[in-house]
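You will see two complexes here that share subunit A, one where it goes with subunit B and one where it goes with subunit C.
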Partner chain A sequence: MSNLLQVKNLNTSFHTEDGVVRAVNGVSFTLNHGEALGIVGESGCGKSVACLSIMRLINHPGKVEADGILLEGNDLLQFGEKNMRSVRGNEMAFIFQEPMTSLNPVFTVGFQLQEVIRLHQGLNKHESWKKSVEMLKMVGIPHPENIAKEYPHCLSGGMKQRAMIAMALSCEPKVLFADEPTTALDVTIQAQILQLMHDLRERINTAIIFISHDLGVISEMVDRVIVMYCGRVIEESETRNIIKDPKHPYTIGLINSKPQINEDIEKLVPISGSVPNPLHMPSGCPYHPRCDHAMEICAEEMPEKTEVSSDHYVNCWLYSRKGGQIINNE
Partner chain B sequence: MSPILAKNKCSPASDDVLSPGKIVWKRFRRNKVAMIGAVILLVLVVLAILAPVLATHERDSIDLGNREQSPSTENFFGTDRQGRDLFTRVLYGGRISLTVGIVASSLQMVIGVIMGCLAGYFGRWVDTIIMRITDMFISFPFLALAITAAAILGPSIYNTMLIIGLLSWTETCRLVRGQFLSIKQMEYIEAAKASGLSEFRIIWRHMLPNSLAPILISATLIMATAILVEAALSYLGLGVQAPIPSWGNILEPARSMTVLMRMWWLWLPPGLLIFISVLSINLVGDGLRDALDPRLKN
Partner chain C sequence: MNETIIKLENVKKYFPVRGGVFSRVIGHVKAVDDVSFSIKKGETLGLVGESGCGKSTLGRTILKLLDPTGGNVYYKDHSIFETGKEQLRSLRRDLQMIFQDPYSSLNPRLNVGEIIGESIEFHGLASGREKQEKVEYMLEVCGLSPHHHRRYPHEFSGGQRQRIGIARALSLNPEFVVADEPISSLDVSIQAQIVNLMEELQEEFSLTYLFISHDLSMVRHISDHVAVMYLGKVVEICGKKELYYNPLHPYTQALLSAVPIMDPDSKSNRIILSGDVPSPANPPRGCNFNPRCRYAEERCRVEEPELREINTGHNVSCHLVEKR
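Up next is the complex of A and B:
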């Protein structure tokens, strides 16, 4: 498998009146063809901003800097706005969290799909309409030729999200960003949508970057997981490793704070404290004020990326030689 | 069949899809007062269009032997100080007044919408510049500015349209800007950007249709104002110039007290028509507001 998308040292900052907010700090990762990558973290940890930055959809006062955002070897940061537009929706597509407001209320569902298809594939009116209906059918919408003529307010949340997925996949993008696509839906529909995305991924061979705060959803969908905290990657590995053998205290906390259906746990363990104010980041490791294992060095220096076992990376002093102490976290 | 469809309120038989336009028309039709306004307006427009057919006399033919005659079967609305038939002149005056109203309010709408789009969409310094310009326009009393402009440009029908159009776009501009500021935050705009649509297309095809409702309402109300301003300017002799009649300049003789007291037929018909047309336009505007207000959606 070759590298499809390579993000090197991505930094996104917002220059607000109150100060500079560094929403994404030195995030790097690679994505292979057809791979599914999960990004996990609390609200506000920079998951969505990182993905929007890759598509260069960050508006003023936001600023995106990186050593490179390479899509099949082409640096997207060097692209002009016009070239970038032909990438968006065509080679990279985005599914948003809130399906209820993601469709324009004044146009029919079919029209909106058609618009994207015509723009990127140069089909005529008739062909693009046919393709829209086909796409709606593919995402499991019954009577697609009728639903295409409906306005969004007539569709339920699950149907809208299906339509959004249809729109995102209509040009068979190489990379699909899914920003918590099931968070706004109820649980039964969630399962359907996840199943759908899983099937479509195999059919179209699109690489997916799946953003979620829900490790349960992530574990079913993706091959690899990145855990983010305060705009930084703190742990990265295959999904199996993250779920079964998490290393970073934050990841452990995330897993412990979620109920497990097959285990008998008396009490859920929440992570104490709350996410720090982005304007006043703590020194050193941003997690140290909430961390049970915090050491002196944690408040002073940023931990480096350390390989704890093969293909399992953690940014934590507990696992770094410099930290001086390796604990056994069973 | 999927269980999702069972929840779907709209019928999947899409032969009669309720488009937003159809919904609005349905609600507008139920509003009796607004429908009355619309019918009156339609009648006025038809009368104006049919003026050459309905006119009983030559529009500008002067008959000094037949001056200031009160209404009769020969001259339905009587004659003016030059002996011209007032019925004919009022019919033709409607053409001019309504045209000035439509052209001027279209002009202000084009300027206002474009400026408002730019300010609301691009924000930052574009917004600052445009907003300061509107502040400048708003800080002058409208009529005083219009009179000054008319005095400088010289009175004519085209200048009247131009003056009204150029001086009244600020309201639309602010309205569109406000709409754009809120629509810009909507997720479907983000989604449109993420699918690679150009900025022009996003503004024109996605944001503007969503702010059409308030623009339409304000356009009708501004059209009523434009008719009033045209009448005011022409009444003062700064608007449409004789011999071209407009409802405003037919009223001109009413500046004299004798006319006002003794010769009611010189000013009552055009005055009444201004009143009726402005009222019916406002009724239509109110009806549109009710029909388009999303909070009234059932």
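Up next is the complex of A and C:
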């Protein structure tokens, strides 16, 4: 496995009238060929903005800065808008959260699929139509010839999401961003879509960046997890380590606050307080006002990335040499 | 403690579908069709189902926020559906609701004190200084600061707003509260706070909840009994343990197996349902669930199953329970 996508020190900020919102703050990660990476966090933690920044889909007043966003060694930040257009859809594709609003209501599903294929693969009208129908068939839509002629409002939520997946995969991208692709769907439909994405991943060797707030979905879909809080990466490791042996107090809190369907708990353990206002971030570690283990240093200085065990990184003073003491979590 | 507080008898809510030149009624959407169950004092009934199955409509119909099409609901000895407007108003003091969306269920032009105080004054429980004290007490009980009463809803986060909604519902000392997806619009870390608050308040004020949700793991946590709805009908209702350990209806089985489990070691033997939920305006013949059911036989396509007791307190509407 080699590096497919490498993001170095990504910063995205929005300059609003009320002040500067730093939505993404020094995010770095690498994605290998065929790997599935999960990004977990609550709403407003910057997970979607990070991915949109990589695709360079952030507009004014947003500003993207980074030491590099390298796709197979090419820095996307150096690309002009025209080159970027050939990257989007072709090399990198995006599945949005809301299938209801991300399809154009005035064109047929087939036409919208065809557009992508014609633009990126230079097929003619007839060939691209055939390919669109084929793609719809691949994502498990019944009677794809007929459905391709339908408008989005005729399709149910699950079917629209299938159509979105078909569109994203139609040019066999190297990287697929899936931004909460099942959040707007019911559980039984979610199960269908997750199964589909599993199968497709085995068939075409696409690397996936899977964004979700649901650790259950994440643990089933991805190999590696990044946990984000207030625009920063706070923990990173293999999925198993994050679920079975979380280190950062926030990750532990996130896991404990959600009951599992297969266990009985006497009392839930919530995280106290709420996510801080992005305009007034607390000093030091952004989690310290809600953290049970907060120390003096937490309010003063940003914790550095520490390797707690092999390939398990945490940004927390509890585990850093400078922070001193190391706790064991039960 | 074991008195029945709410009893539903064949509750129906149909929405007319109009069409044609004179907008005549050409059909009905059977949002809630023939639902019967009862809730005992101090208990929580979890009502689960996918979107569009009629669970919210049922919650609103029980409190007569929507006009029922048929059936009856009894609160203690009073029939809610047959009570006149005036009396219903005083009855509503005991029957309150917590709404799903904390952003749209609070009037943005009133401050928190007015939002909570309005109903206290309306029902003649208190006024003036006394009302003020009651509002501050409720805010404190619900985990907010008493001096928040001068603030407006936009100054609060989603979780705090939901606390205001809860304070408003509980300010009248109700007996029965319908909580319509109270946590689904909140972040994961906040959901647990609200659920814990609801549990604490239940103990303190001996409340009875109808907890409507699509989050099966939260329902497992908070409920004593669980009812599963599909296309306007209750397909299975029983004690919590019974439902999660021994689900009998094929839909319940699929629904439970579809929830992703946070465990990299768990082997998923997931039942994937094919297709979508049919339109409630045009439900399938026979058993509602037959087009997606993996066990469906000829009988299921013709005859509608009735909710019947299979084990003690475990009611299922499926022809084939014994066979499988």
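By definition in this document, the second predicted complex is superposed on the first by the 330 of 330 C-alpha atoms of A that agree within 3 Å, B and C clash if a C-alpha of one lies under 4 Å from a C-alpha of the other, contacts with A are read in each partner's own complex, and residues count from 1 in each chain.
Please note the rule applied: a contact is a pair of C-beta atoms (placed from the backbone, for glycine too) under 8 Å apart; a residue touches a chain by one contact, two chains touch by 3 or more.
Here the structure is a predicted model, which is why all the values come from computation and not from measurement.
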First, second, both or neither for A:101, with subunit B first and subunit C second: first
Touched partner set for A:215, first subunit B, second subunit C, both or neither: second
First, second, both or neither for A:22, with subunit B first and subunit C second: neither
Touched partner set for A:33, first subunit B, second subunit C, both or neither: neither
Subunit B versus subunit C as contact partner of A:164, first or second or both or neither: first
Touching partner for A:137 - first (subunit B), second (subunit C), both, neither: neither
Which superposed partner A:118 touches (first subunit B, second subunit C, both, neither): neither
Touched partner set for A:305, first subunit B, second subunit C, both or neither: neither
Partner chain(s) touched by A:156 [first = subunit B, second = subunit C, both, neither]: both
Set of subunit A residues, in rising order, touched by both subunit B and subunit C: 156, 158-159, 189
Residue numbers on subunit C that touch subunit A, as the complex places them: 50-51, 157, 159-160, 187-193, 195-196, 199, 214, 216-218, 220-221, 244, 254-264, 266, 268, 270, 272-274, 276-277
Partner subunit A, residues of subunit B touching it in the complex: 1-2, 4-5, 7-10, 12-14, 17-20, 123-124, 186-188, 190-198, 205-206, 209-210, 212
Of all residues in subunit A, those that touch subunit C in their complex: 42-43, 156, 158-159, 186-192, 194-195, 213-220, 239-240, 243-244, 253-262, 264-265, 267-272, 274-275
Touching residues (chain side subunit A, partner subunit B) in the complex: 55, 57, 60, 85-90, 93-94, 96-98, 101-108, 115-116, 119-120, 140, 142-143, 146-147, 149-151, 154-156, 158-159, 164, 167-168, 189
